[in-house]
Structures are given as structure tokens and as C-alpha cells.
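Once you scroll down, you'll see the structures, which are given as C-alpha cells.
Next come two complexes, and both contain subunit A; in the first it sits with subunit B, in the second with subunit C.
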Partner chain A sequence: MTSIWRAREFSTVLILLAEVLFFAWYLWPEAGRSHPFLNSGNFLLILKYSSIYGIAAIGAAVVIISGGIDLAPGAIIALTTVITGYLFVEAGWPLWAGASVGLMVGALAGLLSSWLIVRMRLPPFIATLGVMGILRGTAFIITEARFYDLSAKLPRNWHIAGISIDWLGPAVMIALAVVFQRLMTGYQWGRSVSAVGGNETAALFSGIPVNWIKTTTYVLSGTLAAVSGVVLAVVQGQGKADLASGYELDIIASAVVGGASLVGGRGSVAGAVLGALIFGVLRNALPQIPGATFYDRLIVGVVVIGIVVMDQMLTRRSGNA
Partner chain B sequence: MGALEFKDVHKSFGAVRALRGVSFSVASGEAHAVVGENGAGKSTLLKILAGIARPDRGDILLNGVRFDHASPRDALAGGVGMVFQERLAFPNLTVTGNIFAGREITFAGGRLNHRAMRERTQALLADLRVPVDPDLEMAHASAATAQLVQVARALAFDCRVLVLDEPTTSLTDAEVDHLFRILQELKSRGVTLLFVSHRLPEVFRLCDRITVMRDGGFVGTFERASTTPEAIVHAMVGREPPARVDRAMPAMSAEPVLAVRRLSRTPWFRDVSLEIRPGEIVGLFGLVGSGRTELLETIFGLAKPTSGTIVVRGREVAFESARDASRAGLALVPEDRQRLGLHFNLPIRHNMALPRAAREGLGAIRGAREQQSAAALVSSLGIRAASINVTPDALSGGNQQKVVAAKWLATEPSVLLLDEPTKGVDVGAKFEIHNLIRERAAAGMACLVVSSDLPEVLSLVDRILVMREGALCGELAAAGATDAAVMQLAAHEVAVTA
Partner chain C sequence: MKRLWVLIAVAALATWACSGAAPEGPRKLKFALIPKALDIPVFNYADVGARREAAALGDVEVIYRGPDHADQLLQKQMLESFIQQKVDGIAISVLNAEFLTSTIDQAVDAGIPVVTWDSDAPASKRFAFYGVDDFKSGQEMGKAAAKLLNGKGTVAYITSLGAYNLARRLDGVKDVLKNYPDIKVIETYDVQEDAVRASQMIASGSNRYPDLGAWISVGGWPVFTQNALAPVPPTTKVISFDTNPPAPDLVKAGKAHVLIGQKYFGWGSETVKLLYDAVKNGKRPATPIIDSGVDVVDINNVDQYIALWKKMESGK
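Right, the complex of A and B next:
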């Protein structure tokens, strides 16, 4: 199984490389001009914006592997930027304190989702759809159509320990991916998540604390979405209720492109992060193609379907459907 | 010339050769049985006949004409009706809706002609003597009714060949009698029957000829009149069954390791009291629906009793979950291995590690230990799998069952609860599972075995507890007990009703 997963992640890496090579070739500049896509500044930009999706996609992948679905991350991201922004800008708290409250709210949102799913027995789609509405609504109520300008209070050209703040998102994403990939493959918790997603009843019969496992996945997803929110607030310098709208679907798509099966039981954290990068490259490169502006959503949709269809064909051929 | 003829049918799934050139013919108007162990290729053959799978090579002839059908719909149109093993019904539709699903009678404009379908259903059900309301929702119908509705569906489309795949698995004896009377009658009307079953007594009772398959190949077709069940078993297994493991009788003086006192869980069972000592194998016999599965699940902490107590090694326990029960040294091998026992997304190595790991907590997995433990279980239980890294779907039913047993034996329980441990497994695997239970009992494990298989109960256990309608109604020592004595305790008139 581990080797299959490795193979699956390997193919995601190949897709990412193929994508980068394609755009490097397609956007090749005339002689004497610098490459608009293939330069380190642009790569940092891709990493920086992908990390907003990528961090949340780690949690989304875990929820999906457990057989659930979480529609709340986009709203959690927005609410976190608003709460962090309010406490930092309006209430005058230090940034770390505001961010901490934002993270706690994300965890609580996950806890609310899991309570609805585990105790009230709502289907995850409905529970998290409701939570999504509540959180986005809360963000609008707090801001009342204003937004909090963090950038004015943040230091210009901010470095922490000599590293530019632009690296914050990518660094956090990579660190979390490593930690959770390890937890999912080498620890009983991750094994239990897969077991619950593969066959919930059999998991219960095996003595796995199914409700507890489900609760941890939603709390994780909520918390990681809030981490994305903090990163977005700092990177973009804004706390705003309509940020990250529609992100929940891009986040889910990242996990799915990275090999997660919506039926549950299959997928990986590393794959989800790679999936987020695949989208990040698309979103960065497509606008640079003259005339492609109106096509980019369409192309993203086709790519999602194409990758998942290809994956299914490959798994079927290897006899591992 | 046969009504139905298989000519050199081949079919592979990936690297697995499910059928390797099967040829035999079924005469018009006969009842023909197909028997074989799990993995012999019977299911694949039926899938091809039903139009669900296509053969790689070979032909099926129906009345001498090449039967080229691409879907179950074509098969039905060609006069081949199927009654499947699983309850392939639409629980949300009525009996009438089920019979006509996909081939509804309509008016010219396409509007459903409910009256015509209802009347036809009524006639069919009367013909089969099934006293069930055509408007009954299928979810409320019994297993027997569901099977007979499938027969009615096949007849509604005037099929000349009726294929039945393990149709009696979930029926009581009285219901089997009813089904067989109807099948005999259909046969006398000239309908050809193709009957697939594990139960040789039923095969011998109904069928004129018996075709044996083994490992995807055709072994032979036998006349019922000139063969014996022993000869058929020999042909199916292709080897002598393993010798029975003998064991010493347990010391009856020992303290019971598990005691259940006046345990009730309404509405499933009431006032059940029983004790099991280390090394004992106790059988819990009863008809389907007598509350045995619910009793095991309650003992195992999966449901709370409404009253009564459970005592493990002298201490009263109140389990909140299967994990609690597992920590107290109990293990449950459930009946429905696909739904309750196995994770098809995980390799068997992980499947076998789950209960023990769940008991230990959520920490790091010790891969080397897990690997050793899995390899040891595979060899000690004789699990036939390509490797410990394959998923359970690559294993036959009997080997899947052994994996479920293995995952619980890994927890080294002192009480092993087994629910129908050999249901749907082939003869060879059945012997092996029985020997496994005997070995563990000889090593001091207490085993409580729920079974509806009377010969199994009589040959495997030390004591037989009989359950009827949620209550224990008797106890017999297995030595000297007879079929009749046990059935008398367990049975009561079961009519075929909705």
C-alpha cells in the first residue's frame, strides 16, 4: 500500500513538473527579455499563494480520507483574517495574540462541525455547509463592510530571523505537510483515519474510537484553515469578510487531484500539497498568456477532471480499483 | 442438444484467471446444479450468463443459438432470469415496483400503467403462493419474500431458464421447503433450472445433474442417481479434507471466564444467562432472527443492555465500546465479514493489526513488529494470499474470513465470540476454521460460536445452547445430541410471510 501511495504521489510530482515545463516553453520570451514565468521571484510568488490553499488542503485531505467532507475552510480563512485583523488593528493586541485567537476560532469551528456530524448525526456535507454560512456571516457582522488594514501596522520589508515574511506561508506549509504525512502513515491515528474512511462499521467493530477520530479530523481541518487565514492576513495585509470565497472547492480539488478519493479511505497529505501547487502554477501562469484571461476557470476545471480521470484509469489498469 | 451450453468459456480479471475453458451443457427442463469451492469460478460464470461480464473467449449457446448479450436486460429478454444471492432489491419500491423495475408496463404515451402491473404481480404471487401485498414496500419484506419476488420477476418476463445463486443462504428450513416446492413446480412446467449452492443436501434434493467446478475449470458433470455427496466433495476439493484436530475436554471445574446474568436488550433478547469456562467451545444455535447476533454484539460492548450483567473473570463489567471489551480480553469475529470485518482500502497486514493497535492507543506504529505479527498469523492460520501487502479483495471468502479471525487472535483474547464463522466459506476452509477454533480452545481460550449450521454445531462444540425468539430455551451436551433434538428446541412453525 505504501508503495502504491508513493507511486501516486510520484505521478502528481510528474504532473507538476510537466506543467512547469509547459509554461516555461509556452511563455518563453523573445531574446534579451527576462522569462516572465521561469524566475525565482515568480516561483516564490507561486509558493506564497499556493500555501494558502495548501495548508488548508492538508486538513481537507485528512477529512476526505476519513470519509467526510469539509466545506467550511474558505469561511474559516476569511473569519480568521477578520478576527486577527480586528484584534491587531482595532484592539491593539500584539499580532501573535490576535493570530492565536484566530487559530482557536478555527479549531472551535471544526469542533462545531464534528459535533453536528458525530452527535447530531448530520451528513458532513450539510453540517459543514451550515457552519460555512455561519462563519462567513459572522465575519460580515464583525466587519460591517469595512476591512482591517494590517499592512499599515506591519513592518515594511519584514524579516524574521533574516528570512523574508514571504517565506512564512511556504515554510509553514512544508513543515505541516512533513508532520502530517508522517502522522498519517506512521502512526496509529493516521491508520485509524484510513480505517474509518474505508469501512466505518468495521472500524467500530475493531475497537477504533470512530467518533473521536472523526472529531480530530474536523478540528484539524478547522485549525489548519485558520493557519491559512493567518498567513493570508499577514501576506495580503488585510482582514476582510469576503476574502477566500470559493476557496473550499479549490481546497477540496487540491486534495482530490493529489489522490484523495471522495468515497474515503484513500489519499495523502503530500498529494494534497502537490495538488495545491498544481493549481498555484495554473493560476499564476494562465493570466500571463495573452487572451487567456477569460479561459482560466474553464482550463482549471478541465485540468481537475483530466487528472482524476487519468488517475482512475491508471489504478484500474494496475488492478487496484 | 442442451437448453444452455457453455463452450470453452474463458475469463481473466487482471492476472487472475477466473475461468479457464469451462464447457458443459444443461438439458432442457432439467434442474442442474453448479457446485465448487469459493474461487472456483461459479460467480464469474453466472456474471457472464447474466450479461454483467463478458467472456474473453468462448460462447454460450441458448437453445443452440449463440447467446450474444451485452447486459442483464438482454439476458432477461433472451429468457434467462436470475435470482441473485444478495438481496438485490430496491427497498424503497413496492413489491410490484421491484418486479417491473426497468421494464415497466406503460401506456402508449409512456405513462406508467400501475393497474396492469399490479394485477400481473398479484397473479404471479398467487401462482408462487406468496401471500404478500403487491403494494408492500420491499424494505418491510422478509428475506424469503425478497427471494421469491426475484423469482416472480424472472417469471414475469417468461424466462425459460431460471438461474439461482445461493438462494437459500438466508432462509429458514420452512422457507427453503416452500421455495423448493415452487422450483419443482416450475421444473414440471418445463423451466430449466441452474442452481448454484454450497449446500449439498439441497443440491441432492433438487437437482438431476451436478456440475463440479474447481479453480476456474470444469471438473465433471455427475448424475445425481449415480453419485454421492462424498464423491462430489472430493471432486470439489480435489484433495482429502484435513484431518480433524482432537482436543481434550476442558476441565468443568474451572471458574467461568465469561458469565452473562439475566441479560436483556429489548426487543432482541431477554433474560439470557450463560457461562463459559476457559477451553470450552459453546455453540449458540437458533434460527435466523432469534437474537443471537444481537446478544454477541451486546456482550462485546457494541450496544448497551437494557438490564442484566456481564461478568468477565469474576468482575462485573459495563463496556462502553468494542475497545473496552477488547481491553478486557474479549474478541468478536462478526458474521458479515465484508461489512463489519474488513477494510478493503487497507492491505491485510494493516487489517490484521487494527484491533490490537486500537487497544493500545494512537501512537507510533512499530512497522517491523506489525510485519512479523502479520506474517506469523498468515502462516499459522494458513491464509492463502499473494503477500501480506494485498488488499482483502484479492482473497477468497474463506481466506477473508481467516483474516478477520486473525485480526482478533492477534489481540490474544481469553474469550472469542464467533458469529457464523463459516458462513459462505468453502468446504476446505471450513475444516481449517474448525481446527483453528479447536486449537485455540485447547490452548485455553473460551469460544462462543453462533451458528445456524447444525452439522457444524454438532461436530464442533462441547455444549449447545438453543435460542428461540430472543430467549434461551434449552441446553444440550453436544455428545449424543441429534439433529432432531436440537431442531425441536429451536424450531417453531415458520410460515412464509411478509
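Right, the complex of A and C next:
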């Protein structure tokens, strides 16, 4: 089984590298120009923007592995930027305090989703769709179409220990990926998440606290989406209700492309981060090709289907072997 | 695992090898033209205007790129990407002024001149803004409404909250209508830059207020499609921003009454000229705000306007 995971993550890395090499070739510059895609500055740009999706995709992957789905991350990201911005800019709180409340709101949003799913027995799709609406609506009510300008109170060209704040998102994303990959593969909690997603009844009979496991996955997903929101607010310097609109589908797509099975029981948080990077490269490179922006969604759709089909073929082959 | 590290090492080496600039040589100037979103039809005319101007200048290449929908984070990423690419100039219609100000400043600090068009970032280091004076154009709409209503009746506003230029237009409308105490504002609708949402709101608003005197829309959402104004009763006047097709047809059909048009083709042609003058000749405009003026279209001049439009659209 472990070899399948490794093979799946390895193939995701291969797809990412193939994508990078393709765009490096396609966007090769004319004489007198530096490469518009293949340079270290642009790679930081890809990492910086992908991290907004990637951090939340870790939580989304865990929920999907447990057999659920979470449509609320985009709204949680927006609400977190608004709350962090409000407390930091309007209420005069220190940034860390505002961000902490933002994280708590994310965790509470996840708790609300899990309560609706575990206690009220709502299907995860409906429960999180409702929570998404409530959170986005709350963000609009708080801001009344205004926004909170964190950048005015934050240092310009902010560096921490000599490192640009642009690295905050990528650093957080990589650290969280390492921690949760370990938690999912090396600890009882992670194995229980996979067991619940694989066969909930069997998990229940084998003594796994199914409801508790489900609750932890949604709280985790909410909290990690809030981490994305804090990163967005701090790095981009704004709290606004319409930020991250529609990101939930890109976040879920990242997890799926990274190997998470929508029927549950299977997936990888490292794969979800790689999935976010695959889309990040597309979002960065396609606008550099004349007319390709219009193909953006089509290509993303083809990539999602292609990778998932390939994943299923790989899984079937391993099952037959 | 070894295979993975080998692949990563090869990729890193390739990145490093390509990071340095290639040798300089004769080349065209590359100007990036960034709209708010590609799915807003009027911005295509900016592209037509920019290409016409670039062809006339000869040594300019225009790169027209933008987010496929109005996503401020995506627009910021594109702007940063153009800074990375070291283009020779950037002309941008700003989705969210405060959000993009620091990035525009970053471009200018990196030696890339920036002009804004359609929607400004006034606190940034952009050297010029080309577009309508939003307040004045709002006043034109207010005057048109007062005239159509003979100074008496009810109006409903259509806007998209949060955009600086739309807020200024609405301020202009209000500035005129405050002089008409018999004109009452009964509702302000926020359509969130969405033409479909605007259609829904016009339908439900027309149902709720059948005696409404006039719709005043500070954006072109009601006239982007033939059908959005279908539920509006014949007694209600429509004053809307934007004159691009099919809007003039709606004036001819009597569904819209006064349209305020921007210099859509000029967004591209004039900003390319501004960038070219700045880069090639070191010349900058005397004042940073360049008022493009507006076209006021009604039933009396709609045919001439359509003829002129067709000529401009052909790129001549």
C-alpha cells in the first residue's frame, strides 16, 4: 500500500516538472530578453500565490480522505482576512492577536460544519454549502463593502530576520505539509481518518471514534483555511469580504489532483500541496501565452480529469498485481 | 526517493541557468495592457485601440493580458509577473486601488513606467491616468435624469459597491439630483460587477416599483445584453453608462434613453502613446489626470454614433 502512495506522489511531482519544462520551452524568450517564466523571482511568485490554495488544500485533503467534502474554505479565508483586518486596523489590536481571533473563527466554522454533519446528519455538501454562505455573508455584513487596509499599518517591504514576507506563505505551506503528512501516515489519528473514509461502518466496529474523527477533520480544515486567510491578509495587506471568491473549487481540485479520492479512504496532504503547485504554475504561465487565458478553465478541467483517470488506472493496476 | 532528488536538482539547475538575462539586442518595446477582467466586453476595445496605435508606431508590441474574471488577487499576480518579465511599460485598469498601489509602486521603483486607465490608483506612483472624470460623467447622468423626469419622480441606482470610479460617478449623480427635491431615490442596488445579477435586480425592482421614474446605472450592466431591460415598463426611463454594442440598439428600440460612453478605444491607443512618449522620448504629461471626456448618446445621435463605432472597431 505504501508503495502506491509513493508512486502517486512521485507521479504528481513528475507532472509538475513536465509542466514546468513545457512552459520553459514554450515561453523561451526572444534574443535580448530574460526568460519570463523560468527564473527564481517567478518561482517565488508561483509559490507565494499557490500557498493561499495549498495551505487550505491540506485541510481539504484530510476532509476528503475521511469521506467528506468542505465547500467553506474560500469563505473562511475571506472572513479571516476581514476579522484580522478589523481587529488590527479598526480596533487597534496587535497583529498577532487579530490573527489569533481569525484562526479561532476558522476553527469555529469547522466546528459548525462538523456539528451539522455529525449531529444534525446533514450531507457534508449541504452543510458546508450553508456554512459557506453564512461566513461570506458575515464578512460582507462586517465590512459593508469597505475593506481594511492592513498594509498601511504594516512595514513596507517587510522582512523578518532578513527574509521577505513573501516567503511567509510558502514557508507555512511546506511546514504544514511536512507535519500533516507525518500525522496522516505515522500516527493513529491519520490512519483513523483513512479508515473512516475507506469504510465508515468497519471503522466504527473496529472501535474508531468516527464522529470524533470527522469533527477533527472539519475543525482542521477550517483552521487551515483560516491560516491561508491570515497569510493572505498579512502578505497582501488587505481584509475584504470578496477575496478568495470561488477558491473552494480550486482547493478541492488541488487535493483531488494530488491523489485524494472523492469516495474517501485515500489521498495525501503532500499530494494536495503538489496539486496546488500544478494549478499555480498554470495560473502563472497561461496568462503569458497570447489568448491562453481564455483556455485557463478548459485546461484546468482537462488536467483534473486526466490526472484522476491516470490515478485510477494506476490504482487498478496495483490492485490487480 | 533518489529519483525525486535527481529530478529536483535538474530542475533547479535549469532554473539557475536561465535566471540571467540574455544579451541585449534591438527589439520592440513591450507594453502590458491589463484590463480589470477579460469577461467584461468593453475592455476588448482597449485592445483594438492599443494594437492600432502599436502598428502606427511600428516598434511597439502590446501584450493584452488580464484575469478571466474580476479577481483582484489574480490581477495582482499578473502585475507582479509583468514586473518579473521586465516589460517596458504597463497600462492597467485597477480592480482595487488600495490593493494594487504598493505593487504599482514596486513596478515604478523597478524602472517600469505605469499608467492607469478606466479605473485609477490615485495614491500610487503611476505617472498618468487616462479616463473619464467620473464625477463629471456622473453629473451628466444626473442632468439627463432630471431632464427626462422633468424634475419630478423616483429613481433607483444601480452600482457595484467598493469600486472607486463607480462611487465617484454616483457622487456626481447625487450632486446634481440634490438640486431637485421632487426627485426621490428609492433604492440603491449593488450588482457586484455582475451583468446577470443586474438583470435579476432590474426584473425584481421593476416588479416592486412599477411606477419607477428612472433607472440610473453607473456601470454598463443593464445594456450589456438585449434582454436585461425587457421587464422595464415603457414609462420608466433608463440612463446608463456605456455605449458599446448592443447598447445603441437599445436606444433605437426605446428601451434605453440616455447612454454615457467612455473612450473605449482610447484606453488602449492613448495609454500606448503615453507609455511610448515616456520611454522613448522621456516626455510625460503636464498633469497626471487626463480627462478623456464622454460621449452622450440618445435617440437624436444614435445613428451617427453607430457609424463611428463601426469605423473604430475595424481598427482604422
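We adopt the following convention: the second predicted complex is superposed on the first by the 317 of 321 C-alpha atoms of A that agree within 3 Å, B and C clash if a C-alpha of one lies under 4 Å from a C-alpha of the other, contacts with A are read in each partner's own complex, and residues count from 1 in each chain.
Basically, a residue touches a chain if its C-beta (ideal position, glycine included) is under 8 Å from a C-beta of that chain, and two chains touch if they have at least 3 such contacts.
Just so it is clear, the structure is predicted and the values come from calculations on it, not from any experiment.
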{"item": "Partner chain in contact with A:R297 - subunit B first, subunit C second, else both or neither", "value": "second"}
{"item": "Greater subunit A contact set [subunit C / subunit B]", "value": "C"}
{"item": "Touching partner for A:R156 - first (subunit B), second (subunit C), both, neither", "value": "second"}
{"item": "Which superposed partner A:S206 touches (first subunit B, second subunit C, both, neither)", "value": "first"}
{"item": "Partner chain(s) touched by A:A31 [first = subunit B, second = subunit C, both, neither]", "value": "second"}
{"item": "Subunit B versus subunit C as contact partner of A:P287, first or second or both or neither", "value": "second"}
{"item": "Contacts of A:W167 with subunit B and subunit C, given as first, second, both or neither", "value": "neither"}
{"item": "Common interface residues of subunit A - those touching subunit B in one complex and subunit C in the other", "value": "none"}
{"item": "Subunit B-touching residues of subunit A, taken from the complex the two chains share", "value": "1, 3, 186-189, 191-192, 194-195, 197-199, 201-209, 264-266, 319-320"}
{"item": "Residue numbers on subunit B that touch subunit A, as the complex places them", "value": "13-15, 302, 321-323, 325-326, 332, 334, 339-347, 350, 353-355, 357-365, 367, 389, 391, 407"}
{"item": "Subunit C - residues contacting subunit A, complex", "value": "3-4, 7-8, 11, 14-16, 18-27, 38, 63, 65-68, 71-74, 76-78, 80-81, 84-86, 96, 98-99, 102, 161-162, 190, 192"}
{"item": "Of all residues in subunit A, those that touch subunit C in their complex", "value": "10, 13-14, 17, 20-21, 24, 29-36, 38-43, 45, 49, 52, 145-147, 149, 151, 156, 232, 236-238, 240, 242-245, 283-284, 287-288, 290, 293-294, 296-297"}
